[in-house]
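Quick one: the structure is below, and I'll ask about it shortly.
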Amino acid sequence: MLFEVAGISKRFGGTVAVDGASFAVREAGIVGLIGPNGAGKTTLFDIICGRQRADAGEVRFEGRRVDGLMPHRLARLGFARSFQECRVLAEETCLDNLLFAAQEKRLWRELLGIVVPPRRAREKARALLAMAGLSRFENVLAGDLSFGQRRLVEIVSALVTEPRVLLLDEPASGVNPTLLGTLHDVLAETVPQMGVLLLLIEHNMEFVMSLAGRVVVMHQGAVLADGTPELVQADARVIDAYLG
Amino acid sequence: MLLGLGVAAALLPVLVPDQPYAVQVLTLSLCSVVPAVGLNLLFGYTGLVSLGHMGFAGVGAYAAALLMKQAGWGFLPALVAGAGMAGIVGLLVGIPCLRLRSHFFIIVTLAVGLILGTLFNNLDWLTGGAEGLPGVPRPRPLLIGELRIVLGTAVGFYWMAVAVTVAAFVVQWAVVRSPFGKSLAAIRQDEAMAAARGVNVFAHKLAVFALSAAIAGAGGALRACFLRVAAPSSFDLGESINLVAVVILGGAGFQAGPAVGSLVFVALPEVLRVASQARLMVFGALLVVMALYSPRGLLGAAVALRRRMRRADAV
Amino acid sequence: MAFLEQALNGLMMGSIYALFAVGMVLVFGVMRVLNFAHGVIFMAGGYMCHAVMTHVVAFYPLALLLSAAGGAVIGAVLERLVFRRLRESLPMQIVASLGLILMVQNGVLLLFGPEAVQISVPAMRTVVPLGPLGVTLQQVLIVVVVGVAMAGLHLFLTRSRLGTAMRAASQDLQAARVVGINPDRVFALTFALASGLAALGGALLGPLFLVFPAMGDLPLLKGLTAIVLGGMGSVGGAVLGGLAIGVLEAESTLLAPTDYRDLVVFAVLILVLLVRPYGLFGRRLRGEP
Amino acid sequence: MLSIRGLRAGYGGRMIVDGVDLDVAAGEVVTVIGQNGAGKSTLLKGIANLLRNREGAVTLDGENVFALSAQDLLGRGLAFIPQGRSVFPGLTVAENLRMGGFLLRDPVLLRQRIEAQLEAFPALAKLLGQLAANLSGGQQRQLELARTMVMQPKVIMLDEPSIGLAPQVVEQVFATLRTLAAGGRAVLMVEQNVRRALQASDRGIVLELGRARLQDKAAALLGDERVARLYMGKR
Amino acid sequence: MMRGIRAIALAGLLAPGLAQAADTITFGIVSATSGPLAAAGKFQINGFNLAMEKLNRDGGIEVGGKKYSVALKIYDTHCSPAEGASAMERLASVDKVPVVLGELCSPVAAAEMPVAQDNSVPFIITVPTAESLTEQGNPWTFRVNADNNQLNKSLGQLVVNRAMAPLAFIAWNNDAGRGGVKSMQALLPADVKVAYTGYFNVGEVDFSAHVSNIRRSGAKAVMLFMDEEPGALAIRQIRDAGLDVQLIGTLAMGSGRFLTRLNAQYLSGMVQYNAFPPNAPLPRIKSFNDAYVAAFKDESHGFAAQSYDALMVAADAVHRAGVLGNGEAVRKALAATRYDGVIGEIRFDAKGQANPPSYVTQWCDDGTRKIVFPEALASACGGG
């Protein structure tokens, strides 16, 4: 089993945000995680990313328990993520954003200068920027880009680390249709090629359904449905959960 | 241009010989440039404010002064040992303090500075107490084969100070450009994101805190040797706060920031020597204006101005 | 017995620290501004009291009130001109505070000279016997006035419309806006209130001690320690923190050499934070990890 | 009652709401739906003047109120309940209600208004001394509504009133909104809970990337295949 | 623009001491005119000014047959070693003064001394009392005032003679306070019991914790090492607390001005060491005090008298050196000084330390003072 969420629960004060959510992924590919607002997607996501601790349950990656690990440890295991509010290094250029993502982060290696050869990192970063149509912004400060462009920078920065698991939190929200198309193409092309497991939280159904091979639907903190996009779209319970 | 100014300043004693006062003032500025470089790494590049940094400089100063006075060490080994000692103290202090949230951290650095200052003042048997340790010797001449370089005179010591300062700037330059520096910059801009990219935020902060304390310690050792006395009043809260002012005035997060800040905050008032209250009032007003309009200091203002002028040119 | 006696001794400075800390924590709670220049307002309070006593009318209670009012005005002006615009940046708040300290302290030096001035209120020198101890009326007055001010502040914050609005704004600024509270006015009010309390503290200490340019420095350090001990979020925590530091200072002279008194206070601060990183009464603020 | 023309609003230099026209009449409940990031919340904040960056026209009762501050808008009868929990958690229920009438300087009037709200929301009357933080989600939402109604606004704007509430409670909230509208007020809300919200509304507006794509009777939108597609991604 | 800045900076750095007119000798003064020590600095500068006026009134200084008038160049060192060193360098190399005088803080003097030596400019210390300063044996440094040991010797004797032990101390936690306590405790015989030592920071005003501890310690006398301002506060708090102990103070607490801060009841019976009892029935002291009162409308102060004498000694040395611009000649002349000053005879030992007489005075019930030590000079009330 590549990746497994087993019986995760989390409550805040009186409210139950996640209530025994479970699903398992056998192999790399794109998995959509959807559900109406308040379904507990983001909390589950935060738990997977090490931002919060679960009250109960486990997250396992290749059989190893990874919930409760510090974010930097997860990153070293091959987890990369994006943030809902989109976080990039605003004071660095796009290229530097990618180069930073690609560089070695272990303190001792940094201090001793044992790092990825700069030329290789640079080539890879340029290639990804080109794929995202950002080549001409290579030397522009990320903070000066539009929101959609920043989102693309954030996601290609995650990709440049060659992650095993890529976690994207609503990558499509607030992105205009043109850039959304680019984002779609970048993910559709790189994810299978890199053999990464992409876990995608998204509200934009069109975006999710066209990318994901499998969709997990959450509702009121638990998994409501799980299957191919067609199957899920046809599920009456899902439609009910959405339209309230 | 800034480099040119720096070189010009460094060469001043050569270009205009026999100006011992100019040498004195420049050396004094260098003595605060070095700890400012340390603080700049911490504050300017990593975004951590320390209000007690001259405490670490004091650790370096007393360690070096004791080694030179009591154990007869030479200046350079004593300086390195002083820096190391300050680094170790920084490390020990950092382990508990860096876990704290920003406001708590700032106030704890203040407390650490005060505690170190109290120790300098009170440990009579070690630090000479409030009277300080007078009679710190100047560096012995450096012998390289037949060549004998005199470092004990004012000009000789100035060159020594220039060398130490350059070394500090080289360290800063190397750190800022290195992957380590990039991680620090990421921590400053977005801690959560840096962590998600694999940066062990705590370890990195601890490393830069210790490094910054060590550089400050080297600056303290330089200062004690220059003044030939290690005194608590050189490393008290007021001095720590002046150091923050130096870094911010010059431009936190600019490589040349500490040099510019020190020239403006230390050298300029020393040269002007006009009514001190009036001068301090003007500096106070300057700091307030800076906080409101140019948080990145004089260099930040210069960069913004240049950018605006370029834009005007383009139009 | 000795401990009790030292606790009483610590109470007076402790209540001054508490008065000081409450102002800082109010400003921090409502605006997220750490005003290091709070100490110069304290000092200004002493000088204003002196000025009123010597140039206007030698009636101490009135001078106290006028000093507090003057401090409030200074605070409102500072908020409007400086701190309102620095709400987002903690380092720049510190820079601006340092600048203000330099400006005001040196301005006072130019105006009044370096020598400490003394506010003379002979009636307050009366010694009140308290068991084996002799306490001056002024000391009693300090504790009483601070107590009354704290009680008044508590009533203001819990009972009055504006006080409740201040608490509301500190809890949720957006929600405060939608119920019609103008945040800018609340900020100005908070700053004025906090500064008024600081100036009151300076005016209270004046007759017992001396009024000099650096008189706010020590209360500032202890006040900062108090609010950190108290958790930087609660008024009650700041009061307890201030009193605790005053008592701790006095008690420490029984156990450790007196030149390590400050060290004891700051070491206790660091130890407390090691165990409770958010202070004794602190909670995590919203949105913090 | 409330009329918006060409409203643009956003953060920094970016306009998230990009030219929206809409009207809400007295006695009407209007719901804005749309995907995350479509600009629904920004639209309400733009109307309530809680954003720096905005342009366009907002008229209330025929009067141009675009330039009025959020406080003045409230004084004129335009109330806004933001997303998430907007009660003051550290204040008691009674204090929260008093804060709702912050703009009323007359204490007698304030007391009368609060008493009126306690009649309308009897559950709150028993909780007056409780800290708002200790209330359940549904009670907090009731408190928000009651607090807002203290000012007796003509227009009430709500940002996702159903979020985080159990289904029965959602029904209650929407029923309350209908009652308010029946009392002659205009209600404008943003909702993710599309079906329930539209069932409780007179009209609906679909927002996409900062523009109003569809405006129709709520019942019509409910049956509209385009809405289902928007939500379920069916082509 | 950069060129402009550089030009200004150079002009500032290189401007020679223009103030020095051809027929004037300018002496350098380092002191504190701002900050917490500015009050003490004022006495010091008053003394220098009085001496300058006196010298000029008498026609100036004769050097090599030519008369020169006297001027002062005063720099504020803020009690900061760095500023002290810079001020010394500037006085020596830019203003080219023949002698530098003054200073208030021991660590600053320690930073100034080697700079004076580097520049071959004699430096006369007039206030700091740390023994370590002259013990270093810097040949260019002289001190006219008594060091801690000299000052405390007579007082220590008095403590023993009058059986004031067990003793308590309250002292500033700075060089003056700590130095005084250290020196006094070293001077006292081993059998004199020290019951309590309390330090407080400059700027601290509440002594209640110390007062309680002293009461419990059973001390019979309290020695105060601090300046006037905290001294007045401490005495008031001790007396208000009903603590009936013998008060022992420093020279700062033996002046008429000090009386105005308190009153005779508070002070009655208190003794203090004194370098300069202004009302002593000695002609040299009397005439100085009269001149000081006339000039500054205030009773004279030891710091002023010491500084006055120092400038007189410097002028005398320059005169005897006979040349200008030769530091070594002035240094030699200083080392050979024999001068009858207002504080007493001034002659420097091999380490540059003078040995002026020190006194112990005591407050009487009526707010006057009397000399109690040396016994030869013991006077009635009003003579201290």
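We call the chains A, B, C, D and E, going by the order they appear; numbering starts again at 1 in every chain.
Throughout what follows, contacts are C-beta pairs under 8 Å (C-beta built on N, C-alpha and C of every residue); 3 or more make two chains touch, one makes a residue touch a chain.
Keep in mind that this is a model prediction, so the values were computed, not measured.
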Partner chains shared by chain B and chain D (touch criterion as defined above): A, C
For chain A and chain C, chains touching each: B, D
More contacts between chains, A-B or B-E: B-E
Furthest chain, CA centroid comparison against chain C: A
Far-end chain from chain B, centres as C-alpha averages: D
Distance from the mean Cα position of chain E to that of chain C, given in whole angstrom: 37
Distance from the mean Cα position of chain D to that of chain A, given in whole angstrom: 32
Chain C and chain D: spacing of chain centres that average the CA atoms, whole Å: 42
Chain B residues counted as touching two or more neighbouring chains: 121-122, 192, 276-277
For chain C, residues contacting two or more additional chains: 106, 109, 257, 259, 262, 289
Listing of all chain pairs that touch each other, if any do: A-B, A-D, B-C, B-E, C-D, C-E
Chain B to chain C touching residues, read off their complex: 43, 49, 51, 96-97, 99-104, 106-108, 110-112, 114-115, 118-119, 121-122, 192, 237, 241, 244-245, 248, 252, 276-278, 280-281, 283-292, 295
List of chain E residues in touch with chain C within their complex: 33-36, 38-39, 41-42, 173, 178, 197-201, 203-206, 208-213, 215-216, 229, 233, 240-242, 261
Chain C - residues contacting chain B, complex: 28, 34, 82, 85-86, 89-96, 98-107, 109-110, 221, 224-225, 228, 232, 257, 259-260, 262-263, 266-267, 269-270, 273-274, 277-279, 288-289
Touching residues on chain D, where the partner in the complex is chain C: 48, 50, 69-71, 74-75, 79-82, 86-91, 95, 98-100, 102-103, 147-148, 151
Complex contacts: residues of chain C adjacent to chain D: 161, 164-165, 167-168, 171-172, 174-182
